[in-house]
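Labels A, B, C, D and E are assigned to the chains in the order they are written; within every chain, residues are numbered from 1.
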Amino acid sequence: MLAHLPILQVIVPLLAAPLCLILRRSSLVWLFSLIISGIAFLISISLLQQIMASGTIVYELGGWDAPWGIEYRIDKLNAFVLLIISAVSTVVLLAAQTSIEKELPKDKHTLFYVLYLLSLSGMLGIVSSGDVFNVFVFLEISSLSAYALIALGEDRRALWASFQYLIMGTIGATFILIGIGLMYQMTGTLNLDDLSRRLPEVAHTRTVFSAFAFVIVGICLKLALFPLHLWLPNAYAYAPSIVTAFLAATATKVAIYLLIRFTFSVFGLSFSFTTLPLQILFMVLGLLGIFVASTAAIYQKNVKHLFAYSSIAQIGYMIVGFSTSTVTGLTATLLHVFNHALMKSALFLALGAVMYRIGSVQLSQFQGLGRQMPFTMAAIVIGGLSLIGVPLTVGFVSKWYLLMALVENGWWLVAVLILLSSLLTIIYVWRIFEVAYFKPPLLETEGIKEAPISFLIPIWILVMANIYFGIDTRLSVQVAQAASQSLFGVAP
Amino acid sequence: MGIAVAIVRMKDLVAVIMLAGIYGLLSASFFVAMDAVDVAFTEASVGAGISSLLMLVAITMTGRSEHPTRHKPVLALVVVVITGALLIYGTLDMPYFGSADAPIHGHVAPRYINDSMQEIGVPNIVTSVLASYRAFDTFGEVVVIFTAGIGVLTLLSVVRLPEDVTKSYSLNDSMYEQQLILRIVTKMLIPFILLFALYVQFHGEYGPGGGFQAGVIFAAAIILYAMVFGLRTSRRVINQPFIQLAAAMGVLFYGSIGLVSLLNGGNFLDYSVLNADPIAGQHLGILLIELGVGCTVASVMLIIFFNFAGRREVQQNRRDKETK
Amino acid sequence: MMLMGLYNYWIVVVLMMIGFYIVIAHGNLIKKIVGLTIFQTSVFIFYISTAKVDGGTAPILVEGINQYSNPLPHVLILTAIVVGIATTALGLALAVRIKEAYGSIEEQEIQKKDNQSC
Amino acid sequence: MEIVIEITSALCLLIGSFLCVSGGVGILRFPDFYTRIHAVGVTDTLGASMILVGLMLQSQESLVVAKLLLILLMTLFINPTATHALAKAAFHNGLMPLLSKRSATDKEP
Amino acid sequence: MLIAATLAILVVMILAIIRGVIGPTLYDRILAVNMFGTKTVLLISLLGFVMERPQFLDIAIVYALINFISVIGVLRYSDSFAFKQSTHEKESEEP
């Protein structure tokens, strides 16, 4: 059975989804999806162990060898991302039942879990697949279910946000499809590994150039990179809290994974960074994203909006790390992927708890919550500190590596700008802190109690992970470094 | 192919949809001319049939005219021109249309064309690639359509009150009382359509067709019935929980065939181990997964259609009540 | 020669861009979805035209013919069509819900209403 | 015998295409909806069946003939029904034929 | 002869498209779509013979069916437009 782990990783949640539809009873379905997600988590751990021990695993679906059939090719990078996704999903699901009972009508509960599992398996599928077209198909699975999940939000603006996301996401997917078509046209293969071997022969052609451009733009649409980020804040702000916690922690990470996979493994480092001025382009866009989004975050009244903008800013950090195109920079990006997943899921889950008690996440409603919901607010504070990058939290580790990478490249100015941007982060985190701890409670939120225990457990698991990985950096750094080194090893 | 231009200018949404339907038909004929029979099959039933039908139903709920808003057409035009220029630039180095020595025809495809008969034993190469070489893509496709069904269900399903139903049908039926000819012809046609769907389902290995197309045709027959005889009568035959179950079963069926092959010692979706003779195993596998595909597709199409139409009905009732 | 060899693709590109233009420039949600369908269909046409081989016929094996068109793009497009209809259905469902919630399906009006309620 | 079949088939195809073209001209040139539907409804059915008969004569396999026959039957069923339903719906919804504005000759197909 | 018939059908298709684009009323457009559908059926059967692959006929059958279904669908749901039309936008839709 151990040999089949790569496929089981995707198949288990995928097949569990229709089973959920058959089970129907919502509490049963919750338990079932939790178990399934837990199994996926265990599988991803053992996959990571196998890969760290013995290198890349290749699994041929249908028993056909690679360029003809579809294969799953799991190396360190995939395993790392798989671990992040399944871990976040499991922890978030712990809180799901309490939260959606409050936020969704009764008849939608089962469907919610079905969509959740579909989205999870779509993302796992994207990450583990070694075939471009298969990536596209699973991308659509995950994004279609994400649209539906976002539209489940109570506010009518959720519908509009979801529609915008649908339009942007579909344009992105179609761009990727065009890119795939052009690549296929030039090489005659769809397999990622095969593509990376055959592309250099035709790398000088204009077709490959525009294929590259289309794929990158398509991914950036999904990634919500700065000028293409318009869909993200609303989508995150109006989706049900659980969905926000899950998507914020995973969806953009998958897009980052795709970006890394395409630029480093498929097109190859030398091609990617010489044909387009990718380095400078991504650096500028990333920095702009950080500053614009952080500034926007300062002016938000809705805390979910605030953290959504902060997500865009964090994507900016990842992109800056990516643009250095050095091992350290890529390590920083991967670390930040990991760390950001931890912080954002903790933060959004804590917001979910606030939503559960108060029914709103307007900043003005946060007055005095520091005393009324001490554990939840403490979690938000620690998450916020982590966002800023205070030592002893995970945020510090990835920023440290990012700065190292920038200094290594001699980009002093950028490093200084990154430090400056942390100041902006301090401002917006401080706003929440100030309102929650230094203002008297509002009359209408007088009798608010601490969030239920089913919220506190997952939140504090994530917060503890935030601190743990901030102090003991061996595991995450080791894996991220190994992954980025292997990527640079692949690229000539 | 200048239809698209007309679509841009047109304000009346119904006309736009008509034209989109023609566009679908046209592209389907183009696919036939390009030898892609299976694709033409699907595009005809989907692009020209189902999707324009869905759009129409949606329009009845959203209103048909478009406001002449002109926001930032210049910016949009710039973006479009840049993208288009990039694409044209990209095509410059492409192998010429129809040339047989393009890399696309050289690397992977020859094996499908030359060896699939020995390896799988199915004359329709598209079917063998779809259902065996790249079976996992098809599995993904089934899951995509399943996801769409669930998504539509979450968005549009309404809790139906029994009294509402009776009232709405009196309205619906009176509308179609007069269409006697239509009813008779429909009644005569539907068995043929269902039979044809089954033919497409099981003939997919030899000619164009397969599970997806059969599912769409099957669903189309029932949609036709629902349109002519009213939703309630068709719901009596096929009710919501049942089609949901069928959709889920289709996906599960497909997946479980993969699991069976996994338990029999092969990789996921490796049909050769289903039978002592690999080719017979492949046959069996393809037949079974096509069944799964057909089941899911038909039921998801029905889910989508019934939810749209049901939603519309509820709206109509509400409107009627308001006017009263 | 170049014109003859590539004109087919150029037509497709123009079609694609028309669809794309509808998506981004028009405010009506249904129109956007129609545009999206056109955009996607044109991409399908693009794929299918790459599969054509001069003198080849449909990839269904028959005695006595040995020049076939490339079956792989056909398979891909079959899958992509399904993805397309799935997206269309979901988008339309959303449009219907938006109409119910806002009373309009025009982008600008919706944004105006959002700003008021903020 | 061969020759006879060939000629008949060619003749059928010719008539069919002629009818179709005339229908096409009709749909474009006629002044209002009812005359157009008249043009299309009549020529389409006959033209299509002529072409299908012509094809049937050319084909050798019986399966092909059967399929063509199926298509023929379906066109014979579907076309008039659709035209009928269309005209009826149009009439019901208050689309009036152009009677008074033009002279009666215009309506003749 | 087959080729000539194909060309004739193509011409008719273009005519139908023109009517579909300019057609003043909704019903004209439906008519054009219907006609276009029938012509597509014929075109595909003819193409099958021209290319000497008569298996294409299956597609033609599907087209015929789908065409019928979509016309019925349009009629079924056009009733509600027509209702709205007669109250709100009568002037714009009358020829």
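Methods note: contacts are C-beta pairs under 8 Å (C-beta built on N, C-alpha and C of every residue); 3 or more make two chains touch, one makes a residue touch a chain.
Predicted model, so just to flag it, every value in this text is computed and none were measured.
Counted as hops between touching chains, the shortest connection from subunit C to subunit D is 2. Among the inter-chain contacts, the highest number of C-beta pairs connects B-C.
Ranked by distance of CA centroids from subunit E, the top chain is A. Seen from the Cα centre of subunit D, the chain whose own Cα centre is farthest off is A.
Once the centre of each chain is set as its mean CA position, subunit A and subunit D turn out to be 59 Å apart.
Subunit C and subunit E have centres, each the mean of its CA atoms, that are 21 Å apart. Our note on geometry: subunit B versus subunit D, Cα centroid distance of 29 Å, whole angstroms. Note on chain placement: the centre of subunit D and the centre of subunit E lie 12 Å apart, centres being C-alpha means. Shared interface positions of subunit B, defined as residues touching 2 or more other chains, are 37, 59, 63, 87, 91-92, 94, 102, 104-105, 108-109, 112, 134, 137, 140-141, 144, 147-148, 151, 155, 182, 189, 207-208. Residues of subunit E in contact with two or more other chains: 30, 32, 55-56, 58, 61, 65, 67-68, 72, 78-79.
Multi-chain contact residues, meaning those touching two or more other chains, occur in subunit D at positions 74, 78, 81, 85. Here, these are the chain pairs in contact: A-B, A-C, B-C, B-D, B-E, C-E, D-E.
Considering their complex, residues 1, 4-5, 7-8, 13, 16-17, 20, 23-24, 27, 30-31, 34-39, 42-43, 46-47, 50-51, 54-55, 58-59, 61-63, 66-67, 69, 71-73, 76-77, 79-81, 83-84, 87-88, 91-92, 94, 96-100, 102, 104-105, 108-109, 112-113, 116-117, 123-126, 129-130, 134, 137-138, 140-141, 144-145, 147-148, 151-152, 155-156, 206-208, 212, 297, 304, 307-308, 311, 315 of subunit B touch subunit C. Residues 17, 20-21, 23, 26, 29-30, 32-33, 36-37, 40, 43-44, 47, 55-56, 58-59, 61-63, 65-70, 72-74, 76-81, 84, 89 of subunit E are the ones touching subunit B in the complex.
Across the interface of their complex, subunit E is touched by residues 57-58, 60, 62 of subunit C. Those residues of subunit B that touch subunit A in the shared complex are 86-87, 89-95, 102-109, 111-112, 132-137, 140-141, 143-144, 146-148, 150-151, 153-155, 157, 159, 244-245, 247-249, 251-252, 255-256, 258-259, 262, 266-272.
Residue ranges of subunit D in contact with subunit E, taken from their complex: 9-10, 13-14, 16-18, 20-21, 23-25, 27-28, 32-33, 36-37, 40, 44, 48, 51-52, 54-55, 58-59, 61, 64, 67-68, 70-71, 74-75, 78-79, 81-83, 85-86, 89-90, 92-95, 98.
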